[in-house]
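So, here's a batch of structures to check.
In what comes next, chain A is part of two complexes: it sits with chain B in the first one and with chain C in the second one.
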Partner chain A sequence: MRLLVLLWSLGPLLWQLRTSLLRPEALVAPLLDGNPWTLANYQLVLSGDPPFWRYLANSTLVGLVTTVLTLLLAVPCAYGLHKERGPVRWGVGLALVAAAMFPTVLLFLALLEIARSFGLANNLLSLSLPYTALSLPLAVLLLRAAFADLPPELEDAARLEGLNLGQRLKHVLLPLLGPALASTAILVFLASWNEYAIALTWISRNDLLTLPIAIARIGGGSVFTIPYGAFAAATVLGSLPLLLLVLLAQRSIVSGLTRGAVKG
Partner chain B sequence: MNKRGTTLLMLPALLLLAAVFLYPLLRYAWLSLHASSVLTGLVPVPNGGANWGRLLDDARFWTDAVQTLRFALVSVALELVGGLALALLLHRPLRGRGPLRALTLLPWALPTTVMALGWRWILNDPHGPLNAAIRSLGGSSYGFLSTPATTWFFVVLADVWKTMPFVALLLLAGLQTIPLDLEEALRLEGASRLQILRRLTLPLLVPYLSLALLFRLAQALGVFDLIQVLTGGGPAGSTESLALYAYLNAMRFLDFGYASTVMLATFLLLLVLLGGGWLLLRRAGLERTSGRPA
Partner chain C sequence: MSPNAGAGLELRQLCRQVGDRRLLDRLDLHVAPGECVALLGPSGCGKSTTLRLVAGLDPASGGQVLLDGEDLSERGPGERQVAMVFQSYALYPHLSVAGNLELGLKVRGMAPRERQRRIDATLELLQLGELRQRRPAQLSGGQRQRVALARALLRDPRIVLLDEPMSNLDAQLREELRPELRRLLCGREQPVIYVTHDQQEAVGMADRIALLEAGRLQQVGSPRELYTNPANRFVASFLGRPAINLLAIEPGRQLGLRPEHLELGDNGAVAARLLRREWWGHQQLLWLDSPWGTLRVLTAPEAPTPPEPRLSWQRQHELWFDPQSGARLAP
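The block that comes next holds the complex of A and B.
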């Protein structure tokens, strides 16, 4: 049973790995002579113009900036929402859930207009603005749940000690929110790393493409002309960072998502 | 902390959210009442609702609506069933459960374009491994991505592969809230595993199933990148989704007015379906609780 599940989840990925290591001729027909295995596909991808690691770097940059911005905006918002009572709390909560569910591709045209009129296109840093907005609903909901889990006496005691709001957040509340902040950060980073529609329309310069767009472009030709080996190598390279992240942060991701589900 | 203070803390985030979520909808509503295309030099000119009239007569829009709905309903149904099975498996105390959870989660964590291109190769006709397997069993190659009648199902398959782990994780969260002693008590009464599932597990999972259903339905109705990369909407438009049609209107036909109309119509469709689904779920939930002896 476990094996079957693993085969289903990993089979397609392992097939990509195999494809990436085969000579192009070996993909079409079994080779009659010689060694079918090669690293040439990786060399091809890494020596491209721009080299493939550039896309990884671009996506990492956008992901990191988005994660920091999201947390900076989400923490005060989550705290405020946690303290808020009455119709505002209810309305904001509902709006956040609706925004978290919204299929973001429907936003791209208006956002593209904004990007054009403010000169934000072809800029990795400005790309993290809409990304931050797309990540905020989930981040605020997760962090609000985390604030609600803290014992209220804790903050009361800190207030009696004379700590102001900033000090209470910095010295008392946030240190206890470590795990929730970590899992929120990972989910935000993943979402930003994988976003497609906005990056597709905002970025046209080849050296500024994020990973999903670069990979889609490699595969953009007709089905028969795609250099499958090279593109499989690209997908393997593009998957490795995520593989590491998921393996290392599995616990964090699971607890983040489950916390969100319990409270959302 | 006074009341106005907490509201102020939320303001920066809410302003950004309004700019990115609310403004586009208002902008689409306005643009949908204007002609803004190559013909007008992309300058919006009021056209008295002509876009909406065109939408009603646009066979391609309605075909895409049906195709999007078919994709969403079938893939979400499969994801819920498969996700539940996967969650039940991952919930059992197995050896190596942590790494197993991480590895099954991997398809969800990868960019959609990466896995879409992977599937394009696996489904390739004639060189993909699936067709190689069919041939080695004595069959002949099948055009998985070139047969208009069936290609949509393989798009569903790719979506289920990617998203099922996410649904499983949500349901796993639900499973973890069920006290073990309840299950134990039922087992001592002699209930079979299927009976436990039906009488205890599923009823307690209803909120999680509803959440997964609504969330996935909303996302699936907006399906875009998977289809753009896997099939480009083909063959013969048989997998084109509403979001892809809106995208093509904007970026290929450069008709911003009509693209806005299509996007707004897609959003309204979504709203009606999700609102309807939510009401149905709520009524079912109310009946369940009111039907139960106090």
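The block that comes next holds the complex of A and C.
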């Protein structure tokens, strides 16, 4: 039963892995002769110009900057909203939900205009700006909920011991929010990693492309062939850093949850 | 003026209002140095509110908090040298016992050696030495409570506040810990305020009891004063278990009689009928049906019950109240 559930979730990934390792002819019909398995797809992807790792690095850079920027802005905002009572809390909360649900597609022409007039195009760091803006509402909402889950006496106790706001955040609140921070960071990083429309319009230089755009640009032998194998190989390569990230963060999430709360 | 005038903690006309709700209404209370005053009352009566105002965790809507004659009202909670033990203990779950104690000292910039010395001394005092590396989740309820107490006493506070510190412990442990808590807290030079909803705990811990209801102070005094000479019906019925009998004997007056003051005999003023008997070992509680309703009577555990019991009492035990306002009336 457990195996079945596992297969249900991992099936598409395994299929992708299989596709990436098959010769193109073997994808459509069983081969009558020879070995169907090949690493040619990976060779094709990795031998491109600029090399594939360059796109990985681009996406990683954008993702990291976006994540750090988002958390730096979201933590104070979430704390403020959590402490706030009355109409401000209500109004800002509503605005955040509205912003989180706003269809991004409607924004990107305006964003393109902004990029043009401020000279932000073809710059990986500037790509983090719209990403941060788009991730912020959800991050604030998630972190506000996490703040609300902390027992309020913990902060009271810290205030009585003379900890100022910065010290309370550093020594008490943020360590306890570790798991929430980790999961929020992963969500933000993922959103940046997968983003397509803005990256497509803001970046045109070949060596600055992010992963989704680069994968989409992989061409086949002719205009009539679709390089499924190469797509699959690029996707597998592109998933590896995420896998690593989640595995690393998972430890902090689990250890955070087993720490034990106030009453235990 | 004597040199001691104004010593201790003094609350003057302390108020707290949130929106339309008046959580605390003009509270006047004085706690002498070394004295332990219990704030007692049902939940929502304003006792925790009072504690938070003294600690500076919530702003007062009016009134003053004075310590040794010095107004604390403008000071933040970190500048009042107030220690507080919370009902949930509020230990930092990510820090060890020693870490919990150390954090407050560290942010005050105390040298590491001095910190260690103080922590060691306090852990010794509370017999927590072996637990210093444990996390709060690995401690029992009683141990957590002691760690919270250690954290409170560590900084030589000028005021000690306890917010229902025992209500998360089981009844037996509570009784065991009470003398220990008294030994640690009382008799030092700080004023102590102890919030509880449990009158046994209040009597066991405090020198004086301040009884609150609906944000208003009802009466302050020793347990004996409150019990024998209650200011109103609320005080009379809140203190004492089994609760006082309230009888509508005459129009315009209500008679309060404690269960231990009613006597059963062959000749008394009122006839009654035995409904039920609760045997407690050191006493027995009789439930009696009478023309004034159901009455509670405490007697000696082996006292015989007459076949046709009649009730009597002594005039000196009568407590008279206004049936509407509950105010105490002269006999």
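As a working rule, the second predicted complex is superposed on the first by the 214 of 264 C-alpha atoms of A that agree within 3 Å, B and C clash if a C-alpha of one lies under 4 Å from a C-alpha of the other, contacts with A are read in each partner's own complex, and residues count from 1 in each chain.
Definition applied: a contact is a pair of C-beta atoms (placed from the backbone, for glycine too) under 8 Å apart; a residue touches a chain by one contact, two chains touch by 3 or more.
For clarity, every value in this text was computed on a predicted model and none was experimentally measured.
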item	value
Partner chain(s) touched by A:106 [first = chain B, second = chain C, both, neither]	first
Contacts of A:26 with chain B and chain C, given as first, second, both or neither	neither
First (chain B), second (chain C), both or neither touched by A:176	second
First (chain B), second (chain C), both or neither touched by A:153	second
Which of chain B and chain C A:5 touches, first, second, both or neither	first
Which of chain B and chain C A:40 touches, first, second, both or neither	neither
Touching partner for A:68 - first (chain B), second (chain C), both, neither	neither
Which of chain B and chain C A:167 touches, first, second, both or neither	second
Chain B versus chain C as contact partner of A:245, first or second or both or neither	first
Per-residue touch tally on chain A - higher for chain B or for chain C	B
Those residues of chain A which chain B touches in one complex and chain C touches in the other	259, 261-262, 264
Interfacial residue positions of chain A with respect to chain C in the complex	151, 153-154, 156-164, 167, 171-172, 175-176, 259-264
Residues of chain A that touch chain B when the two form their complex	1-2, 5-6, 8-10, 12-13, 15-16, 19, 27-28, 73-74, 76-77, 79-81, 83-84, 88, 92, 95-96, 99-114, 129-130, 132-134, 136-137, 140, 165, 190, 193-194, 196-197, 201, 211-213, 215-216, 218-219, 223, 228, 231-232, 235, 238-239, 242-243, 245-247, 250-251, 253-254, 257-259, 261-262, 264
Interface residues, chain C side, partner chain A - complex	52, 55, 57, 76-79, 82-84, 86-94, 103-104, 107-108, 135-138, 151, 155, 168
Chain B residues touching chain A - in the complex, by the definition given at the top	1, 3, 5-10, 12-14, 16-17, 19-21, 23-24, 27-28, 86, 89, 94, 96, 98-107, 109-122, 124, 127, 129, 145, 161, 165-166, 169-170, 172-174, 176-177, 208, 211, 214-215, 218-219, 221-225, 228-229, 243, 246-247, 250-251, 256, 259-260, 263, 266-267, 270, 274
